[in-house]
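Data block below; observations after.
Order as written gives the chain letters A, B, C and D; numbering starts at 1 within each chain.
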Amino acid sequence: MLPGTTAALIRDPQVAAFLSDEAMLDRALRFEIALAEAAADCGAAPAAAAQALRERLAGFSPDLDAIAAAMPVDGVPVPELMRQLRPVVGPEGAAALHIGATSQDVVDTALVMGLSQVNDLLAARLASVETTLAALSARFGAQSLMGRTRMQAALPITAGDRIAAWAAPFPRHRRRLADLRPRLECVQYGGAVGVRAPQGDAIAAGLAQRLRLADAAPWHSARDGIAEYGGWLSLVTGSLGKIGQDVALMAQQGVDALRLSGGGTSSAMPHKQNPVSAETLVTLARFNAGSVGTLHQALVHEQERSGAAWTLEWLVLPPMIHATAHALTLAHAMLSGITAMGEG
Amino acid sequence: MLPGTTAALIRDPQVAAFLSDEAMLDRALRFEIALAEAAADCGAAPAAAAQALRERLAGFSPDLDAIAAAMPVDGVPVPELMRQLRPVVGPEGAAALHIGATSQDVVDTALVMGLSQVNDLLAARLASVETTLAALSARFGAQSLMGRTRMQAALPITAGDRIAAWAAPFPRHRRRLADLRPRLECVQYGGAVGVRAPQGDAIAAGLAQRLRLADAAPWHSARDGIAEYGGWLSLVTGSLGKIGQDVALMAQQGVDALRLSGGGTSSAMPHKQNPVSAETLVTLARFNAGSVGTLHQALVHEQERSGAAWTLEWLVLPPMIHATAHALTLAHAMLSGITAMGEG
Amino acid sequence: MLPGTTAALIRDPQVAAFLSDEAMLDRALRFEIALAEAAADCGAAPAAAAQALRERLAGFSPDLDAIAAAMPVDGVPVPELMRQLRPVVGPEGAAALHIGATSQDVVDTALVMGLSQVNDLLAARLASVETTLAALSARFGAQSLMGRTRMQAALPITAGDRIAAWAAPFPRHRRRLADLRPRLECVQYGGAVGVRAPQGDAIAAGLAQRLRLADAAPWHSARDGIAEYGGWLSLVTGSLGKIGQDVALMAQQGVDALRLSGGGTSSAMPHKQNPVSAETLVTLARFNAGSVGTLHQALVHEQERSGAAWTLEWLVLPPMIHATAHALTLAHAMLSGITAMGEG
Amino acid sequence: MLPGTTAALIRDPQVAAFLSDEAMLDRALRFEIALAEAAADCGAAPAAAAQALRERLAGFSPDLDAIAAAMPVDGVPVPELMRQLRPVVGPEGAAALHIGATSQDVVDTALVMGLSQVNDLLAARLASVETTLAALSARFGAQSLMGRTRMQAALPITAGDRIAAWAAPFPRHRRRLADLRPRLECVQYGGAVGVRAPQGDAIAAGLAQRLRLADAAPWHSARDGIAEYGGWLSLVTGSLGKIGQDVALMAQQGVDALRLSGGGTSSAMPHKQNPVSAETLVTLARFNAGSVGTLHQALVHEQERSGAAWTLEWLVLPPMIHATAHALTLAHAMLSGITAMGEG
């Protein structure tokens, strides 16, 4: 919904690749193939059908325009995807297609497969930020800085003291991510109303193994994993926003002797260097903070599937992920561009 | 940030056209031309320069990729736009370019010019929804329906009673829009720090007249018009979400004898008709409700320009506008597709 | 829910008086008396019963503890109130008690009667803040100040320029309040399912006149007036939060030569003066901004009465009103305590 | 801010006791005593002074009214508390009072000491809800229920299937609480600007041990523990809100044969039983969901102490804790009162 120049303030290209329609539908196909195989392993589908399905789906590319066009009517991409897949798998593969599955199984599983990739990326970027903070401390940590409370000069500290406060949450964020991943990156397999057929547990286990996800009971209407994840994203951007706010304040002339390379230019004052990255970190923190509140509204997910609550997740979560990934990149660059901090 | 199939659940193509980069930059050029002329009228710029500028900018198309690339550095599109415009207007037009203006003047004014178009659109769609509700009442109003409070059957009412409750807020929404437009669709002209040069008031008046906006004092750091507007958008989607929630509940089999044409299909239960539009209206209401809270955070806009707060508006407001425009279309279609309501 | 020392940061004693249980129930009794009289005027209740009811309710004080105890069960105070009132009005008044009314009629009407008092108060305080800003400008307006954009020194302005930016939204806030009051301060009278009996319109008109409210169709499930009001409250605190943020920044030593009397003390640094009021204004702005998002969630008010959505209003709106009233008082005091601003 | 009858919808008496002014200040005194002892152990304070301080503070009751009165000025309760304590500890204890500490150390540590009590309570209530769900499943699990997706009848399930979906998040919530407690229930000891004196680490360790908290680096400006905790609270109420929403829908006559004892009464329809508890669970879920968004805004905590951000935590977190504790009690009672569910 944001035009390209504005989107540039929040969009992360790697996240965009992981969450693109193409990637989502590719993972949907991998779900269908893994499902056919897992079902065949349990005797819930003919092995030949599973093999046929795998062969026919290899290299198939869904018609995205048709799926987008069906979206407002169906509310999910899967019914149209199935309309496209049935002729492709043909009668040979039909007996292994979408066995015991429903749209939500495909979409939720394809989502968390993508989130698994995202989380590897974010973990790496968190580590980069931590490394940069350590380097900053090594370089400027002994410099003197005025400690400020309630926006007033209080007592002198060192730049290292402040950098330590910036860095403190990141090991916790890493730990939180490690804690939550097994609760988030779980296969969803429950069928029409979230109740598995007799062999469903074995099929789910096979699916999980093939897709490198945690095995789990259906979570079709228990969305705490998604909401918890949104909270984590906002914790990360919140910690980065705190750094951004401090850097913007420190960049005030005559205050804390912080200098940044690569600041923004002004259309009216060519001499001025704006701490645009620092400010953007604050923006992204506030954006995610507000968004996490909206995402938690989707926890009230009525009955066996709430279209209203589920759809809300799709509108809110992806921008939060972009914001987090972009903020990490931005923070890394901003911190790397600090050329002076405190007084020697 | 939302891939195409998901974006289809919220995106409105007409809004996309009004808020596109192309449209925003086209309005930015119209701002620069009108500014040159208004300045020339006051003697603040040479008339010849203003004329040269107008001639040279006619037909000029900015390099959007370069602007998007500069965005994360500059935080606004205008510095790069100016870098592109200066050689175009040449020495002949330079004396009339960007007179007394700053990036925010261009961006805020170009935004509200677009919002003016958006508001005409939304007003027309509000009227359509009202007409559809009146037609629905004319058709089914006398049918009997169970009135329900706290989700329990209470006493019989008519379908017309419920439709009247649905329709009640819309005249108020129209009135609110009329009330707020003069506070929102205002020229912004304040220069680097929001303080006009001596002839600035006359230039602003000329700008406003040329751009069909209200004349106003600079509102560079007073963002109440934007936040109020976000609130209005959410009031509209809230009223539509209430209708959507009711329709989804009425569509429950054996409850209120409501039938909808054009429901969504299920990948697992081909016989099932899902009230996808009704649910999406609830989603969009909750999305906007959460977003308005985030937008209000941007009211704390420090000093003469807060990059952090201003940027937050850009991330939050456009999706809200899409959600509102799309919800109106969706509601119109959904209400038009009701083929039975209540008992005769 | 906030203990006394914390509540002192947000609580306004006059608002507390207007929204107290005692005041709400006193207005509930006034509603019942006015209803009896309006019904008698239309012949919908015996005049003698109305007179008996009025006489018996004069001086009656409800048992608040019993009402609070029944609250979690009934979800509203009115059923228990009615259990208390019936023996009081006796058989003589019974025929005029609660004619065609339901709990929501009593609670919503008693609420907006209280909001009418609140709004008179807030309007007066808005005027005080405007007066104080004008006085501040008269005293310091000609002083010089560094204009700051994106937290960086930009170009010199005057203190009067900044104060003008602070003051700009307040006339709009006054106008908005005047615009919305007729949409908010409306009688609610709809009975069990929001559908009036034949004489209901006349009764509603009589009620409205007696209670000095606007006459209106039932708004039992159309809550846009409440949500709009919450938005207005947050616009006001947002404008005050911007002032608070600026003052906190200006109070930084060596920055803008602002001095405040009456700052907070520190337990660790006795020499330090903290701009506590300025910071609290930011807090209250962010509190209300978040709250307005939650309040808008209550617009999805299903069917003829949603206990879930209605109750949410009660939890969210009163703290927003306190925050607004308190912020106005705080801003007035803080601005009055500025003893230096800018350089001469 | 909520009058008693409304507060009854959210207030939990045990939480109120843990978070009362009396309890907070009692913990503040325990902090000061433990600090004196820990300092004496390290030789940072005379042992005799520590002993005198302990003896004199035993039985001391702060003047709460004076603290509340100083709150709007100081922004924290500690400066006035110190004014009260100094004459009490006298010259004998003075050398051991508030050694190396600041207001934030006292308030944050006293808060998390209270949260530790709260968390024991919430863990016990979570267990009760789980037990009740298990009992419900044992009783009605085999009954038949219509599975519903997108609010439409889909396929039959059992009551046990739905109860299993309700119960699924609770073991995760327990695990999350266990994960986060060591990150939340941490001593705060950092002094005026968050930088400990040479013996500070040893003092902090002694404090933590005496107060049964985790030892930790100062977290004065790293508020991720608080924000994470708010997210957890909202995850819990979200899961309960989902149950409440389902119960309210199931209680619809003619839908799912659910019967509840102890429903609310109506002032207009004496025959009606309202599922007030179920609706209130939805309310509390939406309240907390919105609140968590506001709480995350407080992560942007500038410099060494942000009065604005810190104060925001105090306004938002306590009502969230009440809502969670109350929702657990309410859910337990509601689930215990289900006397029929599904068809046999």
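Keep this in mind: contacts are C-beta pairs under 8 Å (C-beta built on N, C-alpha and C of every residue); 3 or more make two chains touch, one makes a residue touch a chain.
Worth saying up front: this structure is predicted, and the values here are computed from it rather than measured.
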Under the touch definition above, the chains in contact with both chain C and chain D are A, B
In terms of CA centroid distance, which chain is the most far removed from chain B?
D
Centre distance in Å when chain A and chain D are each reduced to the mean of their C-alpha atoms
28
Mind checking the centre-to-centre distance between chain B and chain D? Centres are C-alpha means, answer in whole Å.
39
Quick check on chain A: which residues sit in contact with 2+ other chains?
75, 148-151, 154-155, 192, 245, 248-249, 264, 266, 269, 274-276, 279, 282, 286, 289-291, 293-294, 297, 306-307
Spell out the residues on chain D that touch chain C in their complex, using ranges where they run on.
1-11, 16, 19-21, 24, 64, 67-69, 71-79, 81-82, 98, 101-103, 106, 191-192, 244-245, 248, 262-269, 274-277, 279-280, 282-283, 286-287, 289-291, 293-294, 297-298, 306-309, 311-312, 314-316, 318-319, 322, 330
Residue numbers on chain C that touch chain A, as the complex places them:
148-155, 248-249, 251-255, 264, 266, 269, 272-276, 279, 290, 293-294, 297
Under the touch definition given earlier, write down the residues of chain C that touch chain B in their complex.
75, 147-151, 154-155, 157, 161-162, 164-165, 168-169, 172-173, 175-176, 179, 183, 192-195, 217-225, 227-228, 231, 234-235, 238-239, 241-242, 245-246, 249, 282, 285-286, 288-294, 296-297, 299-307
